[in-house]
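Both of the next two complexes hold subunit A, though its partner changes from subunit B to subunit C.
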Partner chain A sequence: MTPQITAFCHIKKNQVFLNGKSIFSAGSEVDMREFVKSAFRNTGTKYPKFFKMDDYSKLGFLAAEVLMKEVDESTIEDKSTGIVLSNNHSTLTTDQLFQDSIQSDEAFFPSPSVFVYTLPNIMAGEIAIRHHITGENAFFVSSAFDPDWHTLYINQLFESKKVSACLSGWVEMDDQSLDAFVYYVEEANDQRDESMQHTVEKLNNLYKINDK
Partner chain B sequence: MEALIEKLKEQIIKQLNLEDITPADINEEDSLFGEGLGLDSIDALELIVLLEKEYGIRIENPKDGQKIFFSIKTMAEFIQEHQKK
Partner chain C sequence: MAVRFVSSNIISSLGFSTEENFQNLLLAKVGIQTFNDPLLYPSPFLAACIHQAELEERWNETNQKVVIATRLEKMLILSITEALSKTKIDISSSRTAILLSTTKGNIDLLNPIESIDPERLLLWKLGEFIGHYFGNPNPVRVVTNACISGVLAINTAAMMLKGERFDHIIVVGADLVTRFVVSGFMSFLSLSQTPCKPFDRDRDGLSLGEAAGTLILEKTSFPEKGDILFAGGATANDANHISGPSRTAEGSVIAIQNAMSEAGFAAKEIDHINAHGTATRYNDDMESIAIQRLGLSESPVNSYKGSWGHTLGAAGIIETATLIESMKTDTILPTAGFHTPGTTEKLIVTKEPLSKPLNTCLKLASGFGGCNAALVLNKK
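This part shows the complex of A and B:
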């Protein structure tokens, strides 16, 4: 049976949506990095390490934090839960930040805390640590959110019994904008909403549900 | 020494992105790692960079780090003793 999407979170244009409903917003004049920090404080989670993360990890971590409030985390230890994420820019802006710190011979001060975030799968690692997720994890780079690839890859993980639940999604950011769409997929269950099957069409719909 | 301690507190908060912590929250004698301020190994590397960048001090023997970075006060004492800038 096709696995089912049991929760989804979308963060874009200074708004946080959970299962299609706006739960936090800030005016368009608010800097997007400040918005991410405000949205995180709004979750009520005390996690000082969040503020040390790079911009990509902050965004992905925030989206996962909002999403996982919908998930019974006590089940995670017993399950094989995975993380599959993707984006377009990998960690480009963080890479540039690090490059700037070593560009000049006179001011050659490479920052260790910036360097550790110059890989996109660090974001998956931060989420895994926070939510005790120890299953399969992967990070892919593609030009745009690709529901075909996500459904193909993740449904295959379920079919091959590699996972019984998966946090997945798209976490993209550049200097101008951010877009994080993360969702939770679980094994099909009669008691769940049948219309929420992890299919290309459903993912496309959910990704665009807050476009208006 | 007081001024240096206050400056160090501000620099550490900024360098280590210790959001929601003010200089007044940091006791100069509290340990920086473990129970005190809760810094980690990456923060330790950042402190080494901070010493070199802001005070021109390079730590030659990594084993000295534990003593130097025990607290804000031990850092300030070390800086006062070795400052070149």
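This part shows the complex of A and C:
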């Protein structure tokens, strides 16, 4: 049976949406990085480490934080919950930041706390620590959010019994804009809404649901 | 339905084919040497680099299309070309897909190179370039999951073959020794002062290496005797720390358990383990704990990183390609750099080549972000 999407979160244009409804926003004059920080404070979660993360991890972590409030975490079988994420730029903004610190021999100050964030799966690691998720991990890079690949890969993980739930999505950012669409998929269950099956069409619809 | 490995290539400091690399590893040769190149790092450092003149020579012979490529792209294209030349597989078929494994791709393009499209700094654009070069009609999927990228890409390829769409997956991976990567690992104080010494009492860090590798996987209903098959694979997260492994080896244990359960083998059936074996204190101790916890301590363990260093996104691919050769010849390779045992839990680490029937083997990998991967190979 096709697994089902049980919650989804969008973050873009200085707005946070949960299951399609706006739950937090800031004016367009607010810098997107400041917006991410205030949206995180708004979740009520106290997690000082958040403020030490790079911009990509902050965005992915925020999206996961909003999403996981919808999931009864006591029901998570941590060993069989996966995290599968993707984006376009890998960690390019953070890569540039690290490169600036090593560009010349005169101003050579490489920092391990910047370097570690030049791997996109660190975001998954941060989410895994916060929500005690120890199952399958994968990070993919593509030119745009790819529902075809996400459904192929994740449904196969379910079929081969490697996961019973999966936090998945697209966490993208460049110098000008950000776009996160993170969702939770669980094993199909009779009580669940059948219209929320993890299919290409459904993902396409949900991804665009807040485009107005 | 089974998935078998039909061809491979390795381009590293120790050669330009799987066979050449295997022979050099059998002799425990070491490709790691001192470099004094201020463009790469302000002071001398150790690394295992690909022979530049030979790379260029091979590129000029191969590149009949007169494409302008970066060093990394040359490595990737040469690696696929050589692996493919030993098969009859049609790379331009819609039934063939390419999976690319890399951590940093063309990261050196942060300083643009004339005549190279700066967009190829983007990993998907790099994938697209490789796909176009070979006229492959499918999107090139890019896996970038720190140091487990290579093993994860192989697991992903096997999973893709379980579906209906593909007959062959070409898994290719590469990473470079760049100023970016050397400075980063230096800042972590994780590089060894000498060629790295996996699992040794006196190990003091890793050595970086550059490499490209290719593995071609095929779906078959009729595996033949002697074929090396993909039997199972899994990944898991420690959920513990982003830049250090778990002290209890939590994620590695889960990944190995799940891979072995998919493969349907018990601990006593594992003939040999090719570990991640970076030669950092924490990694090698962690792996010894995972191996002990799962009752695998009787299986001889080795690491190839003492020979060609840690090749990041290529590591899982070239190490699996070598493990496959090892299984075909029933020979466990030595661990260059290892002399005296010194891990938290006792391991049997091979110093010399060891002849032994190798029917079922385990490949391990771990990386930043708390990620771990395991892969089980089986000989038909």
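One rule holds for everything that comes next: the second predicted complex is superposed on the first by the 209 of 212 C-alpha atoms of A that agree within 3 Å, B and C clash if a C-alpha of one lies under 4 Å from a C-alpha of the other, contacts with A are read in each partner's own complex, and residues count from 1 in each chain.
The rule is simple: a contact is a pair of C-beta atoms (placed from the backbone, for glycine too) under 8 Å apart; a residue touches a chain by one contact, two chains touch by 3 or more.
Computed from a prediction, not measured in an experiment: that's the story for all the values here.
Visitor: Return fit or clash for subunit B versus subunit C, each positioned on subunit A through the superposition.
Guide: fit
Visitor: After superposition on the shared chain, which partner residues are touched by A:Lys37: those of subunit B (first), subunit C (second), both, or neither?
Guide: first
Visitor: Answer with first, second, both or neither: which of subunit B and subunit C does A:Pro48 touch in the superposed model?
Guide: The first partner, subunit B, only.
Visitor: Look at A:Pro112 in the shared chain and tell me whether it touches subunit B only, subunit C only, both, or neither; answer first, second, both or neither.
Guide: Touch partners of A:Pro112: subunit B and subunit C.
Visitor: After lining up the shared chain so the two structures overlap, which partner does A:Phe98 touch, if you call subunit B first and subunit C second: first, second, both or neither?
Guide: A:Phe98 sits against subunit C, while subunit B stays out of touch.
Visitor: Answer with first, second, both or neither: which of subunit B and subunit C does A:His132 touch in the superposed model?
Guide: second
Visitor: Applying the touch criterion given at the start, work out whether A:Ser74 contacts subunit B, subunit C, both or neither, answering first, second, both or neither.
Guide: In the superposition, A:Ser74 contacts neither subunit B nor subunit C.
Visitor: Between subunit B and subunit C, which makes contact with more of the residues in subunit A?
Guide: The partner that reaches more residues of subunit A in the superposed model: C.
Visitor: Taking the superposition as given, does A:Ser195 touch the first partner, subunit B, the second, subunit C, both, or neither?
Guide: A:Ser195 sits against neither subunit B nor subunit C.
Visitor: Between subunit B and subunit C, whom does A:Gln176 touch in the aligned arrangement: first, second, both, or neither?
Guide: After superposing on A, A:Gln176 lies clear of both subunit B and subunit C.
Visitor: Rounding to a multiple of 10°, what is the angle at subunit A's Cα centre between the Cα centres of subunit B and subunit C in the superposition?
Guide: Angle at the centre of subunit A: 80 degrees.
Visitor: Between subunit B and subunit C, report the minimum C-alpha distance in the superposition, expressed in whole angstrom.
Guide: It comes out at 8 Å between the closest C-alpha atoms.
Visitor: What is the shared patch of subunit A, the residues that subunit B and subunit C both contact?
Guide: Comparing the two interfaces on subunit A, one with subunit B and one with subunit C, the shared residues are 110-112, 116.
Visitor: Using the touch definition up top, name the residues of subunit C that touch subunit A in the complex.
Guide: Counting only subunit C, the residues touching subunit A are 38, 42, 103-105, 107, 110, 121-125, 127-128, 139, 141-146, 148, 152, 156, 159-160, 162-163, 179-180, 183-188, 234-243, 250-251, 254, 258, 262, 367-371.
Visitor: Can you tell me which positions in subunit B touch subunit A when the two form their complex?
Guide: Subunit B reaches subunit A through residues 16-21, 38, 42-43, 45-46, 49, 52-53.
Visitor: Could you list, by residue number, the parts of subunit A that touch subunit C in their complex?
Guide: Interface residues on subunit A, with respect to subunit C: 78-79, 83, 88-90, 92, 95-96, 98-99, 102, 105, 108, 110-112, 115-116, 118-122, 124-126, 128-129, 131-143, 146, 149, 152-153, 156-157, 160, 162.
Visitor: Inside the complex, what are the residues of subunit A that reach subunit B?
Guide: My answer: residues 37, 48, 51-52, 109-113, 116.
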